[in-house]
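Everything below concerns the one structure shown next.
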Amino acid sequence: DYQMYCGETEISEQFIKLNVGGQRFMLRKETIRKRGVGRLLDLVNKPVVDSNADAFFSSTSEFYFERPPALFHIVYQFYLNDEYLASCCCAQQTDDDDEELEEQDKPNLFKTLKFGEIRRTIWNIIEEPASSGKAQVFAVFSVFFVLISISGLVLGSLPELQVASRQKNNLTGEEYVEMEPMPILGYIEYVCIVWFTVEYGLKMLVSAERSRTFRQLLNIIDLLAILPFIIEMLLLIFGISTEQLRDLKGAFLVIRILRVLRVIRVLKLGRYSSGLQMFGKTLKASFRQLGMMAMVVMTGVIFFSTLVYFLEKDEPGSKFHSIPAACWWCIVTMTTVGYGDLTPITVPGKLVATGAIACGVLVLALPITIIVDNFMKVAETERPAGGNRYRTSQYPSEPKATKSEQMVLKVA
Amino acid sequence: DYQMYCGETEISEQFIKLNVGGQRFMLRKETIRKRGVGRLLDLVNKPVVDSNADAFFSSTSEFYFERPPALFHIVYQFYLNDEYLASCCCAQQTDDDDEELEEQDKPNLFKTLKFGEIRRTIWNIIEEPASSGKAQVFAVFSVFFVLISISGLVLGSLPELQVASRQKNNLTGEEYVEMEPMPILGYIEYVCIVWFTVEYGLKMLVSAERSRTFRQLLNIIDLLAILPFIIEMLLLIFGISTEQLRDLKGAFLVIRILRVLRVIRVLKLGRYSSGLQMFGKTLKASFRQLGMMAMVVMTGVIFFSTLVYFLEKDEPGSKFHSIPAACWWCIVTMTTVGYGDLTPITVPGKLVATGAIACGVLVLALPITIIVDNFMKVAETERPAGGNRYRTSQYPSEPKATKSEQMVLKVA
Amino acid sequence: DYQMYCGETEISEQFIKLNVGGQRFMLRKETIRKRGVGRLLDLVNKPVVDSNADAFFSSTSEFYFERPPALFHIVYQFYLNDEYLASCCCAQQTDDDDEELEEQDKPNLFKTLKFGEIRRTIWNIIEEPASSGKAQVFAVFSVFFVLISISGLVLGSLPELQVASRQKNNLTGEEYVEMEPMPILGYIEYVCIVWFTVEYGLKMLVSAERSRTFRQLLNIIDLLAILPFIIEMLLLIFGISTEQLRDLKGAFLVIRILRVLRVIRVLKLGRYSSGLQMFGKTLKASFRQLGMMAMVVMTGVIFFSTLVYFLEKDEPGSKFHSIPAACWWCIVTMTTVGYGDLTPITVPGKLVATGAIACGVLVLALPITIIVDNFMKVAETERPAGGNRYRTSQYPSEPKATKSEQMVLKVA
Amino acid sequence: DYQMYCGETEISEQFIKLNVGGQRFMLRKETIRKRGVGRLLDLVNKPVVDSNADAFFSSTSEFYFERPPALFHIVYQFYLNDEYLASCCCAQQTDDDDEELEEQDKPNLFKTLKFGEIRRTIWNIIEEPASSGKAQVFAVFSVFFVLISISGLVLGSLPELQVASRQKNNLTGEEYVEMEPMPILGYIEYVCIVWFTVEYGLKMLVSAERSRTFRQLLNIIDLLAILPFIIEMLLLIFGISTEQLRDLKGAFLVIRILRVLRVIRVLKLGRYSSGLQMFGKTLKASFRQLGMMAMVVMTGVIFFSTLVYFLEKDEPGSKFHSIPAACWWCIVTMTTVGYGDLTPITVPGKLVATGAIACGVLVLALPITIIVDNFMKVAETERPAGGNRYRTSQYPSEPKATKSEQMVLKVA
């Protein structure tokens, strides 16, 4: 695109001259037109009198903007539309924006559906707490039931709130006593699970994109939280009570897993806590670094626990019965938790333990900075940005800059 | 506000031309007048001869300032009075300034009161250690009594300094021996509490804004520190001795709580330690982040402790008797304290423990940076800034910039 | 090199005038020629019409580049070829580049050797997984055998997978039972070791620079991983079975060390994990800081453990039997692992422990930042940089800048 | 100092015009003369032909420097001799420079003394390892004896290297057996202590400023390391053997303290390890922050331990016997060491413990950043800076800039 310009008039025709706080900048009109947005576009397209500059010096054909000249390079960069900047910094935002766009487009999907308007109303009540007063009331109820359900789970585990229940082993006929939560807690739990089931069922019923809704992480959590209940219902329908299954070894394991699954409802809080959502997004954004860290930690754990196992296993009273047992010791040691349930007792074992501790301290320190950086970026996105996003005529803060970057921005 | 300027004379009339270290800047006179403060105001309002510029070049109508040109953009920004900068960075300062202003205005409140001058003198002695020699002596005494009182509390807990005291249960008539601090420690404590009570009473008596003084955190601490004494006095007045209450179950709890309340006097040190005050202000400034962190930690604690409870509770010798018990284990594990009083013994339990440790290490690392940043800002504010604050004609350091920001400032 | 220039023409002859986004920069043509690379070289060597500038203003003899002027100083610095910058920031890169260059030149070494082409093909299959499909298959097999071998080691340590083997002490004739891994695990191990041996043998056989290949860290690890097997083979060749050696005290130790050496194969994973390689490079780059930290930690450990030993050794039931025993306690304490297997019980001992903890917290915090910085630099290098490296005509990101530096670069 | 300049000639007389890489800067000649150092001084004092600029444009009276214009503001700031910069950043350096100056001046002190030349030679051998080959040999011997002495101390504590020694209580006539280090270790220790004593004695003998040398930290450590030996010698001279003192209770304590004092010799390593010196300097520089942190931690420890003491003391089996005992628990908990020798067992106690852990995690995180920053500054100073220090004509890196600051410097 090389061109040679001889006189001032030729330059004036092809270039925009800017006087930013007393310093001169130049940009080709063509570049501004290509970019197609921003306040400078008016200088090119509109007559001088209609431009939004702070002043125009006709003697030098300069548009005057009353802004600190040192910060203008960001605006300049914006018009150059540097792809490097775009690909490196805004990649994540593009994804999010896509998601946001989809979110914004979704309501329109209801229009083409049967009962579209009703489904949309119900959807908004369940999924968009900010959309109406009813939706807010629904959200309050949802949080309330989650908290009640968790409280019931916790209280039910207290021996003081448990009652003895006589069980009979169907195969051997033996009777034994088992501690179970008080019946009242069971009733409360049923009410909560009915609410969760109704909530989930309604959501799936009215969703405009059922398969997409089904695959979302928060909805999978919702499903898992009611799965034990659903399975029990299904078994009841087929005439099988869980009491009968208790004595079959395989089925007993399933029941146990189902009972553990109840803990999933704790994660339902994720839907209502911005802190949890930020933490989740940070983990997602740091996936690669966390994977690498896990790889290094795992190698270190296997290395040091194998070493300690071979060095300690023949000592009388040693608790390092196997390499996996040593792995537990190694994880507890490398993370500096140090329960002290297993400790090396030989001198070589203690030297290896020192190495493991040093390795753990170093390994865990390394990716923290990267993860923290990701967290800061996520934290920044959460803020209500308002209409600030596309104000490119003002000095725009770089999109999704972390706090420290913004500091530099303001200052540089 | 668009205007078109044709010749140099027109520009000279409306604009101030600055030559900062050899580089040219321009500002509209109107902008400077609107801002209304700063050294550049003199260039607009006063004749050229009286201006505070380093020189004036009459050939180009430039005011010369001998300063690095690269840093001038901060001054430029200052005159633009950017609201974004103001709202984002100075919000907190504005609050503090308000407080300071109130502080400075308060003495005037005494003027309209009865015995205004005496009350003001006493107030200054108690609350403004820097105001006079007497106030300094008073402050030294205050710190001395706090330290004496804490020492008495600590020494009184040592078995070596306790004496056996024969108590009689009024209801059952049984006699039993209880260890009590030596009488001398009790006398010391009475002296201290009398001092604290007099100090608090005087302060409330002379305060010009009693309800505001009453609500201040440090004064609430002062009140709580003397509350046990006040209640005991009140009971004595009504003819009830604490010995008699000892046997009533409900009253016994009250006495126990009152005894625990004595620990509050440790917090009185906060009034005299800049470190404690900075820590307190940092916590206040990081309130939102700490809340979010607490939410994530709590969810994690409940999630992992429920999991571990269900996986470990049926093991023989398991100490995971209930979910709250598992919560204690989970807190101790996620913060890497790792007492080892409870440890998982099954393989699934150990895997969950590994997850809890990983979660704890990540969660606790995330908001630390934000909190540390807040701490640095608080630390910066504490420095004696002197008259530096409004010297806008010099290159002003951005208000409340953290150390790292200042570094950039100096350099950029 | 001082010269005096009188008129504009003289300056135009000797200097290049640049108009970067409206601001003027000057550089001596001589300086550009000396540097010998970069886009500006064309401005000096080629006629104006062929230059790669965005425009040429013949009225002022300026080459116009449409770039933010504020960032041009990096390009400027590049042409000055500042030795300080080069020595300080790029020193490490130069080493790496050398290594890369060697890597690139190595294939040529095969040309002069006997069977050069075949050796090169085998070399590429073993050492360059990205070179061909066969090489990829080979790499997958290698990782597979490493994982199998480690799994065998871990599983072999589980008591459930061990079988009792009757051993006879050749000297005393006593019989005793020893637990050994199941035979199947032994067979799997033999297969893996055969693969490792063949892999290592082949690599050494075809290597063009045998002594250099032999000395590389990853190949030393490969050798150590097969050393136990090789020694056993050699002993077999000389007619000595390891069973016979078991009863000789010195030989028993050798066998034990050989068995521990099997753990080395875990480190073979380092060849296939980018996380491990980055961690290794970070450790290498932080060698000096780690050494200094180790020195400080060691001095602290000896100081505090000697103190605690003298303060605690005469207590009844004390476990501080010797200074080395106290060192183990001190390491566990300073790193905040805190097993609790040894704890001080006297008051002076606890005060020293408090000092040790404080020292540990401070010492371990200090060099972490430096190490993290090195890690970030290593992490940055690992990214596929593409042809970005020598694009000096674009604003080049400083080579090996950390993420935060790049942030500043983009912004400043 | 306001002045008005009308024409170009007047400006040329009073100002230096600089063309740095194509951009113009101005400075008053008076300002440069006042500063009195730097390359620009030549532009003022010497004729144009002798100046060290890269070129001189006589048409515009500009001195041309081929440097990136964006970095010139640091040079500009240097000539303004900003007191803020000086007081804030260079305060510490000024101290150090003073110390260095004293160091450099010291040799001259020997000139006026008796045997000045010999004393200076011996001083250099002992204190300046880099001064000559003999001094290096002496330093190697010193390190050797320190290491031997520490090794002797550590080995002497091993039960395997101890011999039973029959002691007789002089008062009661009872005989008892005590374990003592092997005699050979005693002889080695005597040799080391003789060396240390001779070294210290010689140093004090030849020192030109005896009282200043005596007060230096490293020399105080040297004295403390030989103090037990000196006291024993003095007692021997007065005819008292340490065996006789053993039975007097007060004297026994003194002997015990003297024995503990032997640990001081570990700190003699500080003289020879740059890591230890950097750590020491960092602690010195962070003195205020560490003090504040200690204050906050102490308040927290007293607060939480008092609370836990009152909540736990009446539980059966409680180990919280007194507030100081609870303090030990609290320190161990707040630093996340968590030995587990004391743990709360009541629910309120566990809640307080959770608070203590949270407080500890937050408090310890806060000042770390400041301390790390100080460490980076110290680490930067230790580097061999060469003649770089006063090269103000080149773009000087800001004195004592941390690594991150330098990064910004290079970039901005």
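For clarity, chains are labelled A, B, C and D in written order, and residue numbers in each chain start from 1.
One rule holds for everything that comes next: a residue touches a chain if its C-beta (ideal position, glycine included) is under 8 Å from a C-beta of that chain, and two chains touch if they have at least 3 such contacts.
Since this is a predicted model, take the numbers as computed values, not measurements.
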Using the contact definition stated above, find the chains touching both chain A and chain B. C, D
From chain B, which chain is the farthest off, judged by mean CA positions? C
Proportion of interface numbers common to chain A and chain C (over half same, under half different): different
Suppose each chain is reduced to the average of its Cα coordinates; what separation in Å results between chain A and chain D? 44
Please tell me the distance, in whole Å, between the geometric centres of chain C and chain D computed from their C-alpha atoms. 31
Multi-chain contact residues (two or more partners), chain A: 23, 70, 324, 336-340, 368, 404, 408, 412
With chains as vertices joined when they touch, what's the shape: line, ring, star, complete or other? complete
Could you pull out which chain C residues touch chain A in their complex? 19, 21-23, 48-49, 51-59, 64, 66-71, 150, 153-154, 157-159, 256, 259-260, 262-263, 266-267, 269-270, 273-276, 278-279, 282-283, 324, 328, 331-332, 335-341, 364, 368, 371-372, 375-376, 379, 403-404, 407-408, 410-412
Residue ranges of chain B touching chain A (in the complex, touch as defined): 1-8, 11, 14, 17-18, 23-28, 31, 70, 72-74, 76-77, 80, 85, 89, 291-293, 295-296, 299, 302-303, 306-307, 309-311, 313, 321-324, 333, 336-340, 343, 347, 350, 354, 357-358, 361-363, 365-370, 373, 398, 402, 404-405, 408-409, 412
Hey, which residues of chain A end up touching chain D in the complex? 336, 338-340, 412
